[in-house]
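Note that the chains are named A, B, C, D, E, F and G in the order they appear, and that numbering of residues resets to 1 at the start of each chain.
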Amino acid sequence: MAEKRPFDVLNNALNNSVLIRLKGGIEVRGTMASYDVHMNLVLENAEQLENGELKRKLGTMLLRGDNIVFISPA
Amino acid sequence: MAEKRPFDVLNNALNNSVLIRLKGGIEVRGTMASYDVHMNLVLENAEQLENGELKRKLGTMLLRGDNIVFISPA
Amino acid sequence: MAEKRPFDVLNNALNNSVLIRLKGGIEVRGTMASYDVHMNLVLENAEQLENGELKRKLGTMLLRGDNIVFISPA
Amino acid sequence: MAEKRPFDVLNNALNNSVLIRLKGGIEVRGTMASYDVHMNLVLENAEQLENGELKRKLGTMLLRGDNIVFISPA
Amino acid sequence: MAEKRPFDVLNNALNNSVLIRLKGGIEVRGTMASYDVHMNLVLENAEQLENGELKRKLGTMLLRGDNIVFISPA
Amino acid sequence: MAEKRPFDVLNNALNNSVLIRLKGGIEVRGTMASYDVHMNLVLENAEQLENGELKRKLGTMLLRGDNIVFISPA
Amino acid sequence: MAEKRPFDVLNNALNNSVLIRLKGGIEVRGTMASYDVHMNLVLENAEQLENGELKRKLGTMLLRGDNIVFISPA
């Protein structure tokens, strides 16, 4: 259960649903398709949320890692 | 269907329409003509959006990568 | 009692509860499962707080180190 | 028509008019006289705009690249 | 009395009380237990202040150096 | 008339008056006495402006380059 | 009278009074006791100002260079 390194969370989340909070307060949910060492990552079936509710569907989405506040597997 | 690396999304989006959200909340849509390793990218037929509606047409546009929040092929 | 280096606090906090304040004012509490040299870290049983009260449960959470203001073992 | 690399847009814009949006929302228009690898650039006959209207004339202007959001040849 | 280098202030403050102002306006007071070259530092018996008054006690606290505005030995 | 490189503007401005806009919206005017590769620069007879009017005289002023938005020889 | 390099201003200001403006708008005044290549610097007899008036006395103060907007010898 113990994660050995932070990036293990990313690896374990591949093909699974994640909730991501971005700087500026935007939150998105989607299926994590890939990531790189900068924490840039790709979501499939991404949805932008507002107060936890669906705001709009965005499909595939490339997120820049330097905008990410946290990533929570859901 | 699985993206192997985040930048594959950029490569696959060449000559296709993308929606881009920038820091500060501006969103633009256009046809991706090129990108580099800093995620600087060029849009053709770019349009600035406001609440999803066309605000103004900007033609060719060079976007600095460090302002990008997310890129979503449309 | 004297911490020899700042990262000793992280090491001592492994498997223990920590309170973390992020840029933008968000606070989270959880059990620290791992960290790396960038201060990226993983919380288990993470909870987002608002004015010290539980706002929502987030389970496992990967936090980017560059968003962290302070970490306080609790 | 396809730009090969993002900086080709800068090179093609030399001696031509460009619209530039800066972080913080300022927009300027002018004739691009030079640029460097940091995207620092010099405008001649630069004008600061407000809601697309002339706010003030600034003549020659050196812009720091790290403040630039986008550059659009006009 | 003349400090030879800025980090001498940190070294002289070890085991002494310091007031620290962070970006975003938070201020904390505590006993400095350690620091590193990034100005990351550990406070013991840390207290968050509001308008100079105690807001809450935080015990041990690891502060990221890049959030620090100033440090004042008290 | 064509500037060969952006920093040529700085060199040409030595001992001449420049208007400088800083992040956060502050503007200063003064005589440029020196600059370095980080665009740190020194003004003599510097004046802080507010809506183009003199707010206060600041004499010699060292400006950090990373706060500069633009520099306009006046 | 001409400063040869921006950091000469810092060197000339040693043991003299300086006015410093920080990001976020805080201003402090004090006697400059030391500085380093990151523009981290130490003030003695530092005072935080508000609209040019004394807000509080802070004694010795270590300021992180990356928060500095400008430094003006007074």
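In this text, contacts are C-beta pairs under 8 Å (C-beta built on N, C-alpha and C of every residue); 3 or more make two chains touch, one makes a residue touch a chain.
For clarity, every value in this text was computed on a predicted model and none was experimentally measured.
Following the contact convention of this document, G is the list of chains adjacent to both chain E and chain F. Work out the mean CA point of chain B and of chain G, and you get 42 Å between them. Chain geometry summary: the mean Cα position of chain A and that of chain E are 34 Å apart.
A straight line joining the Cα centres of chain C and chain E is 19 Å long. Residue positions of chain A touching 2 or more other chains: 23, 66. Following neighbours round the ring, chain D first and chain F right after, the list reads D, F, G, E, C, A, B. Remark: chain E residues 1-10, 19, 21, 23, 25, 39, 52, 65-66, 68-74 touch chain G in the complex. Of all residues in chain F, those touching chain G in their complex are 15, 22-24, 26, 28, 33-36, 40-42, 44, 46, 56, 58-64, 66-67.
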